[in-house]
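Following: one structure in structure tokens, then a few remarks.
Chain lettering (A, B, C and D) follows the sequence in which the chains are written, and residue indices restart at 1 in each chain.
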Amino acid sequence: MSDKTTVGVGMVGYAFMGRVHSQAWRSVGAFFDLPLVPRMAVLAGRSKERTEAAAAQLGWADVETDWRELVRRDDVQIVDICTPGDSHAEIAIAALQAGKHVICEKPLANTVAEAEAMVAAAAGAAGKSMVAFNYRRVPAVALARRYVEDGRIGEIRHVRAAYLQDWIVDPEFPLVWRLQKDKAGAGALGDIGSHIVDAAQFITGELVVGVSALTETFIKERPLAEESAGLAATGSATKGPVTVDDAALFIGRLSGGGLASFEATRFANGRKNAMRMEIFGSRGSLAFDFEAMNELWVSSGGGGFERILVTEPDHPYAGAWWPPGHGLGYEHTFTHEVRDFLEAVATGADPTPSFADGLRVQRVLAAVEQSAAEDSRYTNVED
Amino acid sequence: MSDKTTVGVGMVGYAFMGRVHSQAWRSVGAFFDLPLVPRMAVLAGRSKERTEAAAAQLGWADVETDWRELVRRDDVQIVDICTPGDSHAEIAIAALQAGKHVICEKPLANTVAEAEAMVAAAAGAAGKSMVAFNYRRVPAVALARRYVEDGRIGEIRHVRAAYLQDWIVDPEFPLVWRLQKDKAGAGALGDIGSHIVDAAQFITGELVVGVSALTETFIKERPLAEESAGLAATGSATKGPVTVDDAALFIGRLSGGGLASFEATRFANGRKNAMRMEIFGSRGSLAFDFEAMNELWVSSGGGGFERILVTEPDHPYAGAWWPPGHGLGYEHTFTHEVRDFLEAVATGADPTPSFADGLRVQRVLAAVEQSAAEDSRYTNVED
Amino acid sequence: MSDKTTVGVGMVGYAFMGRVHSQAWRSVGAFFDLPLVPRMAVLAGRSKERTEAAAAQLGWADVETDWRELVRRDDVQIVDICTPGDSHAEIAIAALQAGKHVICEKPLANTVAEAEAMVAAAAGAAGKSMVAFNYRRVPAVALARRYVEDGRIGEIRHVRAAYLQDWIVDPEFPLVWRLQKDKAGAGALGDIGSHIVDAAQFITGELVVGVSALTETFIKERPLAEESAGLAATGSATKGPVTVDDAALFIGRLSGGGLASFEATRFANGRKNAMRMEIFGSRGSLAFDFEAMNELWVSSGGGGFERILVTEPDHPYAGAWWPPGHGLGYEHTFTHEVRDFLEAVATGADPTPSFADGLRVQRVLAAVEQSAAEDSRYTNVED
Amino acid sequence: MSDKTTVGVGMVGYAFMGRVHSQAWRSVGAFFDLPLVPRMAVLAGRSKERTEAAAAQLGWADVETDWRELVRRDDVQIVDICTPGDSHAEIAIAALQAGKHVICEKPLANTVAEAEAMVAAAAGAAGKSMVAFNYRRVPAVALARRYVEDGRIGEIRHVRAAYLQDWIVDPEFPLVWRLQKDKAGAGALGDIGSHIVDAAQFITGELVVGVSALTETFIKERPLAEESAGLAATGSATKGPVTVDDAALFIGRLSGGGLASFEATRFANGRKNAMRMEIFGSRGSLAFDFEAMNELWVSSGGGGFERILVTEPDHPYAGAWWPPGHGLGYEHTFTHEVRDFLEAVATGADPTPSFADGLRVQRVLAAVEQSAAEDSRYTNVED
């Protein structure tokens, strides 16, 4: 392996997303035969002390306290953006302008305008760019896509997409950044709704062309947060307004003529990370729930649904890991993501999902917000 | 039992619904201690020969070829209407005017106007009336209602209701009456959408107050049917237009402030009778799928969902049947229905769901159709 | 139907089994096109008052307080034996000698000797005879048998059979007749172990040829029961010895070279009626759990197991009932049983499972008891 | 982290087990706050070229072609043995004698005698020792143990343990080392039967005290293997005898008075890695299947079983990883294992499972083999 070209990675942010991206960079070379070997070069964060501690724990060789410095470094060829959505555009555009390859966490940006600027920057850039909709790299989701491509499902009649979580059911859960519009852009809609819009478009190979939407914020005020890294936080006695949606429901039409429903909520008591897709076609059907992520359910239209344990050697990504029946976990979706990104960088291919794909998701979210604001009126998604 | 008062039942129609209602009337007395013993007096149908054959097989003592005659008979105190929706209003109103008790299959009628007339007739009548939303009498659904009433679920945040079938996925499936607007009133919306609207309102104890909707007819023309009893039919070479929806998706708001989604489709390939309810509340959650009708899933808000096998002696209806773990089937929901109806007739109580409940469902369906026709605009349900 | 021959049925016993058999006789004609129409002629029980009340509720035309009288009656052609095992042999032999057809509840008898006498009586009799292993008539179990017959499963390598209940976990549950060897013959072994031995032999088409066994009685003494009809009973302060097994585990060999395990227990806390079969063959596999009785799981040997909802028109028995997805319950297995019995009586065919099949199961149970008594030594089943 | 003591690890073997252990050593520090930081110092293998390639890919700093050299190195404090069972004793004893800490893959050895020698060596050694029954560190399994310890399950009445795989169903699958007694010691019994014996003893806190057993080799001869790293291999035209069991079934008694069944097979067509435990107690019950490894099913004895997604912060190990609902995979059990081992080494505690625990499992396997050889006679497990 020593004769392989290495590529330096610089990561911005080290909270939840930064931790899982680190594990991906650290592990990918042990399981995949890579054309480029990633080197975990630099981690950027605002606090020197905390960034250094994170770098030590997560395995990054150096730190920066300003992402601009990271972007400038010669030992960094790939910039991996794991910050909240409000800084995605600025960092990504700067990195692309500096000739770097960019992986950016989802949603691509907090507004369509930002996302458009990012797409423009990506279009003219030497570096490759990808938005990190990691669920595309769940083996079962990738297998679902394969089945649709192979024609096993036929014409898509109906997509049922849901992303159900419950981590803010408690009214005392504090006002973390994910509940503030200026930082997060949107609530359940942007955070997890974006995933199911992307997954639906990815698996079906179609676009959501119009939507009708309802959104709701059940708990209007929450204790101010003493923010810390990760999702966890502790609340204070003072309250502040929740400025994003707690739940977003929308129905829509697909470019192929089918119907679709989307439900993103953080109030589904007892559901922890139920990212679900149920897809009904003229020839067959598919069902998936991330809470049982190693399973894909497939019907060929008779009286049965087959539970496929997606761990066979010929299943997407699965052959790189363990024998059949030895399942994968959440983090592996990111390992697959960086593997495919490295492959694209090495071969000069355009990685997917592209920034343009991310923008398309953003436009769907924007249409959802517009519909919700206009009496749920059916709203076409801009192209 | 010989000293108990008997009550004569006259049933109109002997297709799918007539067969299952007959089994209910035939069986109910063997399992429940009834205040009134039903006598299967008369069956009405248009063809004398076929009606007589059906009566012999299903256990009815006599036949009529005109339902008006059945309504007039002195040995009939209960009229059980199992015809398509276009004749519900006429028969039910005549029966009520003749002083009979009436059970009417769902949906209550094909139009809001008809349903209003039925409610008016019921209001002034001596007889009792009920609309046969049988899924309320699935033990698991009744248990779900009990849990909401007991406060175990808390404030309802989100209802996910779906009714998924696939019996017309094949474009060669013929144009049976259920696919013709003049006979059936609506398609998936009226036939199965009505069930999930009623079930959602029943379990939550709330009303759907407004909706935004999309409907679609995927197969616009089908072979003309050589109609026969039941769902089965054979097609001819000539085609006719499908005049009802194949699928209806709508989202809405509940009277208590929660959101709800409804999906009724006959194109869910591989789903046979998946009448599903998933209800998320501030304190707990519920999930149900009729394809596993003896199970209710309950969360108390932690990391778990409990699968309750609803066959314990203290579960609704279950104690009348077999020991725990010995499940019930589809037909038992009707046995429970006629049992509760007989109880109401005997005690003078008003059975539920009432015609007014049926009208309320009809108004939701009307709002759905209006929203679908007006660009999915959010449409308030009339009260 | 009026021109069809009727056949009189006399039933002995009206507790749990009597209730479910009554429902079968009552319902079968409404769903199956029968060659012979059953007439529910006579019910026999010891107490006149209780037998009359049961007859009125369950729909029997007349009563007898001595089963010998029932056997003698000219209006009885079929004798249906629903008593505890200690009286099976006497009643069945008398009925066969009187020229009647006999359905006998399982296990066939309390001892091999009794079962042998019954087989001898059946061999020389004019009447047909059947032992009521009703689980053969679960549509999913019958479908499993069909798949094995069709060669889809290949050579049987391994059968995992379990019957898990929990109704006597509580040490205060009283000493009902099922816990007394003189009445019940055996405990979990005879009551539910017999079902899984029969089902394993039925589905595979093979015999259990030898066994090694362990049995245990966890609660040695229980409050004496104030016995009443059915399983339910109340306990007194005085205790008596439990003289049957609480659980029986045995492993064995099949005639085709495969291995098998059997576990029958009434101490599987939380399992209510989990009659399970898992069958692994050289070409495919099957899995079934009665707690989800409308489902059969089938593997063709790849990475998947297909959940088949056994409600399609071409599935065994299912076509006689409701549209796909509208499941059946426990009682329907008995309806199928009497339907097949009537068919055999009408056509002169030998119904299955025969008394000889029942004896074969009895011999397996005897080998289990012998092995358990002899240090679990492998014990061949007599032929 | 730089001020923490590091500890050098030397690993012997780099096939399936070596790959997963490497991932554990590589990842553990990023997720757990370790008292000792592992350094991946040396990898030993017979072929220099292949070992060097493996070391490069898996992240080991140096290589040795003789494990004896590895054991002698000063920069190695922990020896991790990932070879087939026939070399475990020799390597482990040498390592312990050299003052190293030892983690040894399971089963501990191929014979009881070897295992005894290892226990003796461990008893007198300065280093810590552990046998790598990784399934103890599945969060759901560790949670099951916690529930038993807390008394939630009560007295154990019945354990149903099974380990179902299907990777040698095809008679053309070649004669790899795992099918040869001299290398593997036993077949399904040793490889996977050992896991369920250990897990049953671990969760219940009891011992298997006696067994009655049947074993079988369905395919007696297989194509000779062109052996390569991992499970995969290609077969030649020449055949050789399979000298281990394909399946082993045994029933037994637990030290607390309960019964237990164990089934280990490589012929469960369609089951990939179904390591299952079902445990019934006087107060509650547990069920687990590794094919859905993030779930534990728990009953409190009523009509329900609760599916717990074992990803909550207070669940064993889970808090170190991702938010609730973001599941773990197979490899994480090893990460937890090395974490606990490092903890024990740092604190001076004795890690579990100890070599003595491994020997106890070995004695159960020996009793199984003896019973199988002696007509399934009940055989006490030596203490």
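Operating definition for what follows: a residue touches a chain if its C-beta (ideal position, glycine included) is under 8 Å from a C-beta of that chain, and two chains touch if they have at least 3 such contacts.
The structure presented is a predicted model; accordingly, all values stated were derived computationally and were not measured.
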Comparison of A-B and B-C (more C-beta pairs in contact): A-B
Farthest-lying chain, centroid of Cα atoms versus that of subunit A: C
Geometric centre distance via CA averages, subunit C-subunit B, whole Å: 35
Intercentroid distance (Cα basis), subunit D paired with subunit B, Å: 54
Computed distance of Cα centres, subunit B from subunit A, in Å: 42
Residue numbers of subunit B (touch at least two other chains): 271-272, 302-305, 309, 311, 324
Of all residues in subunit D, those that touch subunit A in their complex: 1-2, 16, 19-20, 22-23, 26-27, 29-30, 53, 56-59, 165, 167, 231, 271-274, 290-295, 309, 311, 321-332
Parts of subunit A lying in touch with subunit C, wherever the complex brings them together: 298, 302-312, 315, 324
Residue ranges of subunit B touching subunit A (in the complex, touch as defined): 157-158, 160, 162, 164, 166, 169, 212-214, 216, 218, 247, 249-253, 257, 259, 261, 263, 265, 267-272, 280-285, 299-305, 371, 375-378
